Each structure stands twice: as C-alpha cells, then as structure tokens.
Amino acid sequence: MRMLAWVLACALPLAAADNSLLIRGATVHTVSGADIAGGSVLVVDGKIAEVGAKVAAPKGVRIVEAKGLHVYPGLIDSGTQMGLAEVGSVRETSDVSEIGDFNPQLRAIIAINPASEHIPVARANGITTVVSTPSGGVLSGQAALVHLDGWTWEEMEIRRSAAMVLHFPVIETGGGRRSSESQRSATFPEAKRIYDKKLADLRGFFESARRYRQAKLATPAGFRTDVKFEAMIPVLEGKLPVAIVAVRERAIREALQFAEKEKIRMILAEPREAGKLASEIKARNVPVILGPTLTAPLNEDDPYDAAYTLPAELDRAGVKFALGTFSNSFSRNLPYNAAQAVAYGLPREAGLKAITLNAAEIWGVDELYGSIDKGKWADLMVTDGDPLEVRTQVKQVFIHGREISLDNKHLRLYQQHNKRP
Amino acid sequence: MKHAMLLLSLVLPAAGADPPPLAIRNARVVTVSGPVLKKATVVVKDGLIAAVGENIDVPKDAWVIEGEGLTVYPGLIDALSNWGIPEAAALAPAPAASGRTSTTPRPAPSATPDPSAPPPAQGPEDRPSNTSWQRAADLVKPTDRRLEAARSAGFTTAVTFPMTGIFAGQGAVINLAGEKAQQMVVASPVGQYLAFPAGSGFGGGGGFPGSLMGVFAYIRQLNIDADYYRQARLEYEKRPAGARRPDYDRASEGWLESPRILLPATRAMEIDRVLRLAAEVKKLAVVYGAHEGYKAADLLKKAGAPVLMSLKWPEKARDADPDQPESLRTLELRDKAPSTPAALAKAGVKFAFYTDKIDRPRDALRAVRRAIDAGLSVDDAVRALTLAAAEIYGVAGQIGSIEAGKIANLLVTSGDLFQEKTQVKFVLIDGVKFEPAPETPPAEEVAR
Amino acid sequence: MKTGLILSLALAAAAFAAPPVVIQNAKVLTVTKGTFQGSVLIQDGKIVEAGEKVMVPPGARIIDAAGQYLMPGIIDAHTHIASESTNEGSISVSSMARIEDAINPEDISIYRALAGGVTTAHVLHGSANSIGGTTVVLKMRWTRDAAGLVFEGARPGLKFALGENPKRSGSGASPSRTTPRYPATRMGIEDVIRQAFVEAKQYQQAWGDYQAKVKSGVQATPPRRDLKLEPIVEVLEGKRMTHVHAYRADEILMMLRLAEELGFKIHSLEHGLEGYKVAKEIVAHGAGVSTFSDWWAYKMEAIDAIPYNAALMMRKGVLVSLNSDDLNANLSTRLNTEAAKTMKYGGLNETEALALITINPARQLEIDKRVGSIEPGKDADLVIYDKHPLSSFARVQKVFIDGEMYFDRDRDVSGRAEREVRKKALTDRQKEREKEQKKSFPTRRPS
C-alpha cells in the first residue's frame, strides 16, 4: 500500500512526497465542533491523527505553514454527473441516461471517466468528493460516491454503490413557454394514463423483485439468476438507500408513501417543493439532497427567493439535508449554492454542514469523512478565506492526506494565452 | 376591381305568386335604434321591414302573427364567424392559447421531405400563409349544416371570414339562409382576417415566418409592397410603352381591397401591440378576442379601434391537470374577462359579440348573461349582438335594428332575450320564417 | 427682485414634481469616481449630487442606508427575458424581425432581474441564424407597458450569430425543419453575411441614385422598400450597432475581418468565450466583448472556455462586460456574484469587477452618458445591498430606476401574504364557476 502511494506520489509532479503532514497556524473549521483559531491538523498515513490548538510536529513530517489561512474539510457534492458526461450538446460524450425504464443493475461507477476535464476543475475549488448519478428512465441505476482523484475509477471509489436512483413517475403534459412544435403537449388524460401505467409497472417491478428474493432464499433447484432483481436485493433488505427524485409536491408526497409501502430506505432528491411537506419529511426521518439554490423559482407566482429560502425552511423543520449541483461543469460552484442559502436565512453552520458532514452522514460515510476529526481520512482544503465567498482562493487540496494538484485545463489555457505577445 | 362592392341581397320571388306581407302584432319590440316599444307591430314585405310602430295599419292581405307575450329583436349577428363556409365546419378549432384563433391545419412533420411540396418560404416575398384575395362571399353555401343551429339560437346574420393562415382572406356579412349562395351575401368584402398562429413552423416545413416577430415583419412588408404595387400598376397603366410591367400580386390586391383589418389580441399588452402595428401600417383595425380588454379600455378608446368581443370566456379546461399550478394572472383573467364589455361600454369603445366557435350557438346568450352579471347593461348587451356589429362593418343602413327600410332579419322570442327560460319562437331572414329545430339531447348526457 | 421671483417660481415648480430623495449614510461605490461613505441626492430622476455630505433639500424623502452599500444599477448587456418571441429562425437572414414587436412587459423575469439589481437590460434576438433581428435596450420599469420599458435614445442594434447555434438550428436534424437551411458550416455563415451586405449595398446604391435623381428634378420611381435590407444599410451607415454571438477564436477573427472588409464596425462580441485567444485583434478592431463568468463544456465551441476569460481580455485592453443570456431570469438575479468570480479567476480588483456589470456594458451599448456609474447628471438607477455587492451573502434591498423605487425587498416580503389571500379567493371563485358549469352542462366531450 505504501509502495503504491509512493509510486503515485512520484508520478504526480506537484504532489507531496507522502500522505503525512502537519498544517499549522490556521483557523481550523472542524465543522463537527467549534473553530480552532491558530490551530493545527496532523495527518499521518492519510488519516487525521490530531486536531488542536497546539500539535507537536513529529520528526521529518512535512510542515505546511498556514498562518492567516483556513482549513476546511474537503467539500462533498451530493449530486453530479461527474465523469459521466463531458460536453453537454454532444450525445456521444454522455453516459447518464440509459434506454429503458427499469435498470437497477446499471452501475455509474464503471462509466466514470477519471480523465474527465471536469474533475480537476471541480477539485481546484475544494470539491474532494462527489456522488455521480445515472438519470434515465424510472429506476436509473446505482449512483457512486467517489473521490475526485485516482488513476482509475477503482482508485476513485469510496462507495461503488451509494444509492439506487429512482425517478418517480410524473404526469407530463409537456408544453410550456416556447416549447417547440415537435414537443406536442399531451392532454392531461393521456399523460395520466401513461403515468398510471408507469406507477403500476414500478410497483409490479418491486413486487417481482421481492418474489425473486424469496425464491432465491428458498434456493430451489435450477434457480435462475436475474441480474436486475439481484440488484434490487440490497434495496429490499434496507441495505442500500433509494435516492428518489421527486420535484413537485404531488410527486414528493407519492414518493414518501411509496417508500413507506415498499419498506425501503429513502433519500429524497431535488424536492423543489419540499417546503410544503417539511414536517411530513421530518416525521418520516427522510434525508434530503437539495438541488442548486442558485436558480429561478419553479412557478410564476413563487416569491423571487423561493429557491434561496428552501434550505432554511427545511432546516427550521429539522430536516437533514445536503446540497448537490446536479451538474459536472458547475460542481465547482457548490459552496456558492450554500452561500445563497445562508444569505437567505440558513444558519452558516448548517450551510457548511450541507456540503460536508451532513452529506457524509446521508451517504453513510461519516465515520471516515465529512469533518476534521481524529480518525477520519484527511480530505482537506486550505483557503485564504471563507470558501462560501466567491472571492476566496483555494490554496491547497488534500485527499487521503495527499496533496492534489490544482492544475487544470482552465489554468493552463489562461497561462498559455496570457503569454501571447 | 379594387374598390369594395356592396351587394344587396334581393329576395327573389319564387316561381309563382309574391309572398304576402307578414305582420307581427302587438308584441314588445326592441328596436335598438330607438326606445323599446311595449306594444307595437312590425310589418314585413318583400324581405324588408315595411313599417314598425305602436299604431300602424296592418295590410289587409298580411299574414298576421299575434305578438302578445312575445318580444321582437333585430336578428342576432355573430360578429366574427365562419358559419356558412362548409369546409370550416370540418376543421377543429385550434386551442385558444392567447387570442390566436387560427385554424391552420398543421402539417405533420415528416421524416423525409415531400419532393412535390413547395420549398419553405424564404421571406415575405414568397407570400406564405396568404390567401388575402379569397372572399368568404365566394365560399358560403346555404347547405352548411351549422346554419340550422345558429338560426335556432336566434342568429340571422354572421360576418363570415375564411380563417386559414396569416392573411386568411376577406369576410362578408351574410344572412344565414338563402335559396342560393349568392342570396346570402349582404356585403362583401368587409375586412381582412389576420391570425398569428402559435408555435414555429407554420410557414410550412419550418419556413418563414416562424415567430411573432416574423409575422409582424411580414405584415409591415406586405403593406409596403401593396402600396408600391398599387403605385406601380397605376403608373404602368398610364404609360405601359417601354416600361417594365409590375408582377401580378394577388396577395397585395387582397390587402388593398380590405377596408379594415382584424387583428387578434387577448391580453392588454397584446391589444397594445396590435394597435401600435395598426397605426404603423395606417389601416383601420378591429381587435378581436379582447378578453383582457378591461385593462385596455382607454387605450382602445384613444386608438378609436372597435372590438369584436369573444364570448368564449376563458376557463380552465375540463380535462386539465387538477394539480397544475395556475398563475394569479391566469386566474384574474378568467375572473374578470366577462367584465370587459361593461368596461368597454363605460369607456365608449364600440364592440360587438361573437360566438368564437362555441359548441352550441344557444350557449352564446348564456355567455352574454355573464357579461351582464358583471356590469354590462341589457341595452348594451342587445346592441352588441345587433346594431354594433352592423356599425363596425359599415352595414348599419341595412341591418342591426328594427327600422322601416331595413332588411327583415328579426328574432322573435317568448320573453327577455337573456332569461334562462326564454325560448326562440322563430327568426325571419330576408323576411322568410324559420322555426327552431327540435332539440337533440347532447350525446353523453348522464342523469344528474 | 426678479431673481427672487424666478427662484420662488422654480421652488413652486419643484414642489409639483416628485419630491427629491436622499439616500444617506451608505458605502457608495461609484465605480468611476471612487468609493466613499456618504450620500446621494436624487431629483427628477437624475443623480444631482454624490458625496460624503450632500445637500438635503426641504421636503426630501430620506432613505437611511446606514451599514448598507449603494452601487449603480446593474446593466445586463445580453438577455432574452421580457420577450414573447426569441428567434425568427426560419431563414438565415431575418433582419426584418424586431424584438421590440415581441416585448412582454408582464414577464415575471423582469421583476426577478430587478430583484437581482438589474436596472437596464439589452434584449436580443436569439442565435438561431446568421443574421437575426433588431435588438432593444429596456429599463426594468416593472408594471409599465411595453413602450414604457424602452430605454429612450439607446442606439438600436442588429444581432448576428456564428458557430454551432445557427448551424444546428438550420440542420435537417432540427425538429421544426423538414428541409435543411443553408448554411451548415462556418464557411457558409461567412458567406451568408457577406451576401447580405452585398445585397444591402446594392439597395443602398439604388436608393442613393433615386434620391440624387429627385434632387436634380428628374422624374424617378423609388425602389421598393425592403425591411430586411434597411437595418443592414443602417449598420453600414453607422446608425445601427452590431452584436455578434461568437464563441471560437477563428470565427471571432473572421467576423472582425469581414466587417473591416465590408466597411462596418463590430460593436460587441456576445459570449466570446475564446475571446482571450484573440484579445489583441479584438482590441485593434475596437470591439467589446460581453461574456459569461464561468460557463463551459456545454457545447464543443465552449470546451476551451475559461473563467479567466474576462480578466485576461480586460488586462489586454478589451472592453468587457458580463451578461446573463437568460431566457428566464436566473443569472440576471445574481450578476454581482458573477462579477466577483473575476476576482477569484484572474485577480481583478473590486472596481474592475463591478465595472463589468455597470460602466462597461454602458459603454458597450453607448448609454454611458446616462447610466453605468454614480455621477451627477446620470440617471438615478441605483441599487442598495445589505452587504458588499461582491460578497456571496449580499442581498438586494432596494432598486431605483429614474429615481423611482421599483423594488423594495421589505415590501415584496410583506406583500406575499396578501397575494396568497387574493389567489385563494380567485381559486375559490373559479371552483364555484366550475360547479355551476357542471350543473348546466352535465357531461361534454372534452374540448
């Protein structure tokens, strides 16, 4: 393991020699507790060994003088297409949406391209971890939790199967402002028929999956494996949460009822109208992944700040939530989504947690990630100020204690063309 | 030729004897042009109103209808219609998005382009979606099966237009009956019907115009071209020798022949928009639709533009998604649209009602009642169904009120026009009597 | 005696006009004349005075902005809000189309942009074709009608588009198209534009000849007016500005050279995501660039877009602005933080960053005599923030246009309950009507 780390370290030109270091003199924002002014973080073999006001430097360890700077946990983007899509308008570069409505067996992890340009761009702003999610049909496949560092997806992997992704059926009448003629808007009865069928199919699929599992447990002779239903077993056993995407009130309500009926662990994703159902969500203890706050309201009559105030609304209701950009190119703007929520009423600590510790908790990896605490992996960033402020520069990023290069295509093009005579 | 021709419809005597005069005696007569006569007689002869008054002599050979308990109105006029054009009955009306009432049949986008189809229009010069020369007067037939229902509801007249395309063609005031098509026409041409089809690609296969901006540019350019065309033709005719002859352009001819243009507008800002366009092209404009007219009454008054008021009050579609969020704007429009006629009346804007492809013509009066409930006076309501329409189209000397000399288009009812229980007894069209057809119950009516 | 009479008449006249307004105790960011703690006096829609201490006329309305920040109203140089129609994309040259015809004064995006501090917005035709329609500059005077939104006296513009958008819109693969529309390549786009200008020059010539004949008393027939060619002639005559949607360095260069060859000026390159690669050539031509802060990789022509673009071009002398390109108000609700990104990516200072959304777009649109900074004589288009506008936590509190307060966050927030009540009342009445309908028409075929 150490040999591998050393080889890797040599191959990365700007990386530190190893994964042990001491960052000292900075304001340490642990997130789990109070900030430590003039504090230090000791990293040994990639893990946080010590956090405090005065930490002794072990012999020979690299020292990072960070006076006047700040240390934060690396940021976690809880919903992205990172590595799964490169250029939006070019379909060949996208692996986000597969054909077919029920594909629980698909795994995003193996389709993540570790050479995606979006990765270095995002991590240059302190994003160390993302959830990459598939998006097609109803049961889209399994989202992956990955580091933004690694030669292969295997090396990037934190959880190869972080959640099953379910896009809850909606009644789609289409149309809307300036929809093109080709998108013929369906009438409500037509759309409802399609929706009813999809919902029935979804229920039927779960039913069949349960029967499959039952049959498998009984292990009859000649049992035939079904790859799709195999993938459903951890869901049915409550081992794998289902991230259900439900945007509008009706879909959210139905999704909550569905999860209860099917007895599955649920995470609610992109619920833009969650505000109206906050107490319901809290009562069922369902965690939430909110989409971008930096967006326009959903309805014409919504207050102009509807998207900005939603996180605060959920926070007041006691709902646990994390933020996701649901993008790849805009993952680097994750902290500014948190900032907007804070500007419009979310307590700052909650804003920070939404992109660090809460995210780790929702994805079930908080024992090892999400805050600067002894025993956790050293996913850290050093900044010259508040990372929620746009103007702040990220000076250094560490993943598992190794310093990660902040070089990326944008920086390279900038430097290159700056030099043009 | 280019100037408008008014055609008077003549009731030609059938082979045989002249029909005798008809008198409706001692009825309540709502003349519209004058005060209501509580007990009066109307005499009809040779298809015209011969006399009307409280103390008039009934001719000895007159066929008398006792009018005790009956009310006589001028025959109702549907101020914007396609009644009488049988082909129009077949086309389903386009959903009224925002005053865009075109019945352009949309070509289904095909995978491979049809080689025989004309190439998509490249600009106004290709005159896409333009049949401005077409006259409703040439298209009407007394056999249109909708006419019976219209007459049964009390309508004697409609201002009928072709309605396909952007420059759909020229309308005619027609009576809703006649032995021959030509006999139906009261006046033609009376105006050019314009529509702004919603969505893109209505130029045919993605041709010009593909947007509201394109349509407006098209109207402006055609207006310029038509003027230029007229000048060029005049000059050429004066001195053809050695000069290059101007192209034949019937689209321009149709535009020049039109004494007024009908422009669609539902919302106040659309009304504002079309009024400014009309001022630019210096054409007399009539605004049709006008559901949000309550917000634009002063604007319309200042522009001097008359209004054709759609009776299809905006409501939520029956099969709409119950959970679909509706904007305050939409809710307000639906709530206040029926108050538009009262607002227009108060501001002194001339307006007439039209049924706007309502399913059953007799529902039109129920729709008018909503306007009355919202503040329109009964007198103004009756006027908007009769004389106002005639005035807007310049035929007030012939129809629209009960006065001696006018065409005998009359509606006789069992009581006040806007009472629920009032029934149509009969209508006279050009002096010919039509009784309402027996009620056919609607197909899927369920017991309440 | 006479001066006294005149003075009292003037005061009397002033009393009939709207009262003056003084915004007090703010941190005033003028953008062009430094930053200070002070006040601004507004009268008759104009900034009269701005300084550490200003005269407070009798009857003035005082707005206390203690602890708050005052900056010029934001100018969004490229947007598609407030328009019912964006593209006349059926043909490659649609210069007869006018965005002004399609203005939708009731677009909620106007209000939302206003809530984001935008006071002036340049609304353009879309990028579906090589030469689009004419553009219009609006002020976000929410509740005024279409004519009331127009920025009086702003020089009209014409939209051009290069690259992928016009190509994609014209291709046979587009759903609304049954036959492909020329051009399908960047080569063809140059051709379309050149041909249009050649045609326009001939048109210009024909009219020139006609007018000469008339002047010398010769009988002549005027040429037919062509609304497509007239805006292009106006470009040639310098009466109409040009705004060219362009991404790639090669097409930017092509357009500059084409304009130079045909004898007209490119006023601004819209988006210009690769502008940093040809900054030198852009400066030499005298074009400005209006771009995004950090959008990239959504199209092939955007794969080399970098967030350092604005700063890099600025350092090389290009007049740069940031825009929203919104269809529905989104970026236009936060152009302040978009500007802040240029401090992070490229190291612009506060004033330079703020200039990108104020004086720079004003200069690009040639409305800088009226707006874009806090200087006496300019329009009182101002925004009050509760924190420094370049902070991620800043919120717009009040927005003034022509000295009138068009947005007040407090009033917006307190008005929400009443709106809900009104909406509920209308919904209830609608339900009543539906019930009545069902009674009179038990079952009908769906319409």
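Should a chain be cited, it is by its letter among A, B and C, assigned in written order, with residues numbered from 1 in that chain.
Just so we're on the same page, a residue touches a chain if its C-beta (ideal position, glycine included) is under 8 Å from a C-beta of that chain, and two chains touch if they have at least 3 such contacts.
Predicted model, so just to flag it, every value in this text is computed and none were measured.
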Pair of chains joined by the greatest number of C-beta pairs in contact:
B-C
Chain separated most widely from chain A, comparing mean CA positions
B
With chain centres taken as the means of their Cα atoms, state the distance from chain B to chain C in Å.
42
Give, as an integer number of Å, the spacing between the C-alpha centres of chain B and chain A.
61
When the C-alpha atoms of chain A and chain C are each averaged to a single point, how far apart are the two points in Å?
36
Multi-partner residues of chain A (each touching 2 or more other chains)
180-182, 187, 189, 300-301
Touching at least 2 other chains, the residues of chain B are 109, 200-201, 317, 319, 328-329
Give me the residue numbers in chain C that touch at least two other chains, ranges are fine.
86, 175-176, 419, 423, 446
Across the complex, what residues on chain B touch chain A?
106, 109, 199-201, 317, 319-321, 323-325, 327-329
In the complex, go through chain A and note every residue touching chain C.
86-90, 117-118, 177-178, 180-183, 187, 189, 294-297, 300-301, 303-305, 328-330, 332-333, 336, 339-340, 342-344, 388-393, 409-411, 413-414, 417-418, 420
So, in the complex, the side of chain C touching chain B is made of residues 84-91, 94, 96-99, 101-106, 125, 133, 145-147, 174-179, 181, 221, 224-228, 419, 422-423, 426-427, 429-430, 433-434, 437, 439-447
Once bound in the complex, which stretches of chain A touch chain B?
171, 173, 180-182, 187-189, 191-192, 248-250, 299-301
Which of the residues in chain C end up touching chain A in this complex?
86, 108-109, 111-112, 115, 164, 168, 175-176, 276-277, 279-280, 294-300, 302-304, 306-308, 312, 315, 327-330, 333-334, 337, 340-341, 343-346, 390-395, 412-413, 416, 419, 423, 446
